[in-house]
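In what follows, chain A forms one complex with chain B and a second complex with chain C.
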Partner chain A sequence: MWRRPFPWLIVVAALLFALVPYFTNDVGMRESLLLAAIYIILASNLNLMIGYAGYVNFGNIVFFGLGGYICLYLVTAWHVHVIVAALIGGVAVSAVALLFGTGILRLRGAFFALATIGVNQAVQQLVVNFEPWGGATGIYLSLDSYKPFGGPMQALWWMYLLIVLLTAASMLLSYVIKNSKFGLGLIAIGQNEDAAAVLGVPTARYKALVYSASAFLPAMAGGLYFFKSGIIEPGAAFNLEQSIEAIVMLMLGGAGTILGPALGAVLYEEMRGILLTTQYLSHFQLVIAGVLLLIIVQFVPGGLLGWLHRLWPRTRGWLQ
Partner chain B sequence: MFGILASVIDGILVGAVYGLAAMGLTLIWGVMNVINLAHGAIIVIGMFLLYIIVYSLGLHPYVAIPAMIVFGFLFGIVLYWIAVHRVIGQAELMSLLSTFAVNMVLIGLGTAVWSTSPYNVPVSMPSISLHGYTFTGTHITAAIMAVVIAGLLYVLLYHTRIGKAVRAVANNREAAELTGIPTTQVLAMAFGLGVALAGVSGTLIATLFPFTVLSGDAYQLKSFVVTVLGGLGNPAGALLGGVALGLIEGLATPFMPVSWIPVVEFGLFVFCLIAFPRGIFSFTKA
Partner chain C sequence: MSELLVVNDISKRFGGLQAVSHLSLTVNEGEILGLIGPNGAGKSTVFNLINGVYAPDTGSVEFAGQDITGMPPHRVARLGLARAHQIVQPLGALSVLENCTVGACFGRENLPLAEARETAREMATKVGLGDRLDLIASSLTTAGKKRLELARALSARPKLLLLDEVLAGLNPTETEQMIATVRQIRASGIAILMIEHIMRAVMSLSDRIVVLNLGAKLAEGTPQEVAENPEVITAYLGDSTIMQAAEASP
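This part shows the complex of A and B:
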């Protein structure tokens, strides 16, 4: 895969993402890029489900939140190193998703979309009542947890760099899957599941696998992100709104493309920043995001990249 | 012993109102195969209409109900043309996102106007006391109104020409168009009806409990649970499903901490979706 220019493009972009704030030592820039990186991870992994397989997952944030909880629990109760804890969180959430996916992926279309909302809400309410994880108040980290990194300041930089690494991994995962037999099968499922099954695509297995794959990196990112915040509570961890913002981002950039979700995530993050800091608009952030989504859905369903592809068909080849 | 019976009765009364809310959702779903994710926001509109009628206009609370039916119907038709018309017949993602966008806009506007602090509209009605337990008049009135409105919907759908047209479009849109039914108008009208039902249920809920701009989400999820219990696109099943949900809530309340009830509800929701994708009370064959 390294013979093509596309993976290198991702590596260069990730290096810029990581190194520019580090060498300019700009904490403000780091925080805004960190948010963009998290959004890219959420949107591009969600794209595996929505853009490739055509299954609408409204509760994608449940992976992020569960990963965060598992990681912080391991760090506080068992004193596991955060990187190991995040990895365990990722693997555990993926395994749960695989098990669960075989059940709820029997549902099609809208039924599946509704079930994913139900799963997110059920998990959130379960965690609210789960005392070892702090119930409704959540888990707090003490400052000691940052000691392995030589203090909180350094730990924040480490977390940033690791999250950028996960962002690059998300993009590469999208690329690898899209250019594999597995990805082709998923796209076939997205276009016509019955026809795909008739032609020999193992639809049930592929769907469960992609559901599980789309859980791994967001769960790890959740671990690192909430470690960086130092606190996790059910409302912030399983915020359905964030899940749907991720859908807005990937629609904005172009569902089913590799760069689209990342582009949409960065644009959305920028727009949110502008709206939140502008005096008269800060109350209307949600309204403007809603109107934007409505316009995309009604008039440019292909998103930014879909629109570019239609405008200049030549870009289809290299701008995936 | 009577304590449990009392909470069951109260559960059923509230359940009838849940059923009414779900009817709005299931009507739209059944007729045009669109899941209206703005459902919760519309319920909230119904709640705040009651607040406006009582506090800004100084009228009797129950005036809000016919007002909401008329307003909801018109508002629904406008929404249909703005958000739904272009996405009918497209992939599910499109209609889900489109109605969700409407939800974001409505909730955003609501938050800007009323913030997210709780509101309460006290409605005074005589209540009934039995064995030391009180059944509040508002609960009884709300349940009766929910059943009456559901009955009117039934009459409209099954005993009028308009209802026949709606059912024909739900069954097969092309065939309906061929027989001369103006299907687009029928769809717009069905959407208006669904919105009006959701709004009225919101108004009724607001006479029972305090509410905020964000209350809609909880009732939207309850509506989904009810719809799944009662079978998609089945208005009669919705009322049964609503009563079933109310019954479950009423039965569960004395036995477990309140914070566990949502866990039971959503667990049941996911379970029912997987086990009975066509609804428990659905009598139609796959």
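This part shows the complex of A and C:
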């Protein structure tokens, strides 16, 4: 794997992400890059489902939220170290996804998409009524929780670095899967599921596995992100809008490619920043996102990278 | 010759339509068995029952000594039973080579990716797609897509190949080439069960023929026997002069 240039590109990009704000000590830049990093994680893992296997997971944010809840619960109630707690969150959410996936992945197309929204809403309602997790008010962290890192300021930096690490891991996961037999099987499913089955691809197993795999890193990221925020509540954790935004980013950059979702995430984050700070547009961010999605799906279904590939077919080889 | 595929008394009903009723047939190792019958006779349904797309209502299917009745398609494929579809099913956004690699990866030999690519390249070249390996599958011509179906099925290194009208929609030259390819495949030791409407082709290629009508077996025998069977001539071919024309040509 390390003989190809691509993984090194990811490592260098991640180092830049991590080191530039750190050495310039620019907290504003860090916060904006943090958001971009989270977006990349969401879009990139969603890509495994949408871009590879061809299944639109509308409720993808449930992984992020549930991971966040499990992590913060373990940190507050059991005093588990946040990194361990996030890891447990990742594993637990992946396991739940495997279970759910085996069921709802029998559905196809729009029915599957609707079912995933259902999963998100159901989990949200469950959490709202679940007292150990604070019900509708959620879980708050005390400042003591940041002590292992030497205080909140240092903890914020640590969380940022760890999230950048997860971002790099997401990209590498996309890369490894795409260049594996598993990935080929998934892409075959995405192209024509019935034909794939006749060719010998174990469709049911692969779909459940990728659903589960696409849950792991977002769930861990949710843990770290909400630890950094110091609070988690159901509305913020299971925000369907964020799910849809992740789809927009993915489609913008190019579903099915490795760099596309990251590119789309960064561009979307920039656009969102500009819209939110422009006086008359601040309430129209989602409207614009929706219109953007329509335009992309209608006119450039391959997203930015797909468009580049069509313009210069040679880029298909190295710009994956 | 030992029996490779034994279909025993299978039936399938879709609502009010009895698509296949109590059909039995056998494919021996290394032979070509032709499956013919008028449109709607249930030929493609028989294929779907054999390779697990549908489970039969009655009866059993045995392949290479193993009971595969009701087994899901991907497991049937693993055992070495590959299929080329009547309506071509390319993985449109993938290249010719990638399409065949899927076949090789998940076929009988369950190859790792790198080796699968080699097999895929070999099989694509064998059916005459060697110069179009990197072409996107959806951009192939009809004849090209038919060849791709075949190459993809062959990449699985099957013991038995189900060919569903691989000649349909091809022009005379392409048909000749395809017939030659099918002969080569049989020569390499792969048994073939083929559905075909082009009589001249199926008569000259098949060792034996099973005639299907309204989901049931009407006749079975060598091409010669089937061609001379009066029931077949009236029920299926209608006009005996068609058969005489078929015999006259090689």
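Convention: the second predicted complex is superposed on the first by the 320 of 320 C-alpha atoms of A that agree within 3 Å, B and C clash if a C-alpha of one lies under 4 Å from a C-alpha of the other, contacts with A are read in each partner's own complex, and residues count from 1 in each chain.
Simple rule for what comes next: a residue touches a chain if its C-beta (ideal position, glycine included) is under 8 Å from a C-beta of that chain, and two chains touch if they have at least 3 such contacts.
Small disclaimer: the values here were computed from a predicted structure and weren't measured.
S.K.: On the A-aligned overlay, A:300 touches which partner chain: chain B = first, chain C = second, or both, or neither?
M.R.: Neither partner.
S.K.: Touch check for A:286: first (chain B), second (chain C), both, or neither?
M.R.: first
S.K.: For A:176, is the partner it touches chain B (first), chain C (second), both, or none of the two (neither)?
M.R.: neither
S.K.: Contacts for A:50 in the overlay, against chain B (first) and chain C (second): which applies, first, second, both or neither?
M.R.: first
S.K.: Just to be sure I read the superposition right, which of the two partners does A:275 touch: chain B = first, chain C = second, or both, or neither?
M.R.: neither
S.K.: Check the residue A:114 against both partner chains and state whether it touches chain B (first), chain C (second), both, or neither.
M.R.: first
S.K.: Taking the superposition on A as described, I'd like to know which of chain B and chain C A:200 touches: first, second, both or neither.
M.R.: second
S.K.: State whether A:128 touches chain B only (first), chain C only (second), both chains, or neither.
M.R.: Touch partner of A:128: chain B, not chain C.
S.K.: On the A-aligned overlay, A:251 touches which partner chain: chain B = first, chain C = second, or both, or neither?
M.R.: A:251 contacts chain B only, not chain C.
S.K.: Who wins on chain A residues touched, chain B or chain C?
M.R.: Larger number of chain A residues touched: B.
S.K.: Residues on chain A in contact with chain B in one complex and with chain C in the other?
M.R.: Dual-contact residues (chain A): none.
S.K.: Within the complex, which stretch of chain A touches chain B?
M.R.: 50, 54, 56, 58, 103-104, 106-107, 109-111, 113-115, 117-119, 121-122, 125-126, 128-129, 136, 240, 244, 247-248, 251, 255, 283-294, 297-298, 301
S.K.: Okay, in this complex, where on chain A does chain C touch?
M.R.: Per the stated touch rule, the residues are 179-181, 184-185, 187-188, 191-192, 194-204, 256.
S.K.: Mind pulling up the chain B residues that touch chain A in the complex?
M.R.: Residues of chain B touching chain A: 29, 33, 35, 82-83, 86-87, 90-94, 96-98, 100-105, 107-109, 111-112, 217, 221, 224, 228, 257, 259-260, 262-263, 266-267, 269-270, 273-274, 277.
S.K.: In the complex formed with chain A, which residues of chain C make contact?
M.R.: So the residues of chain C in touch with chain A come to 51, 53, 72-75, 77-78, 82-83, 85, 89-94, 98, 101-103, 105-107, 112-113, 116, 152, 156.
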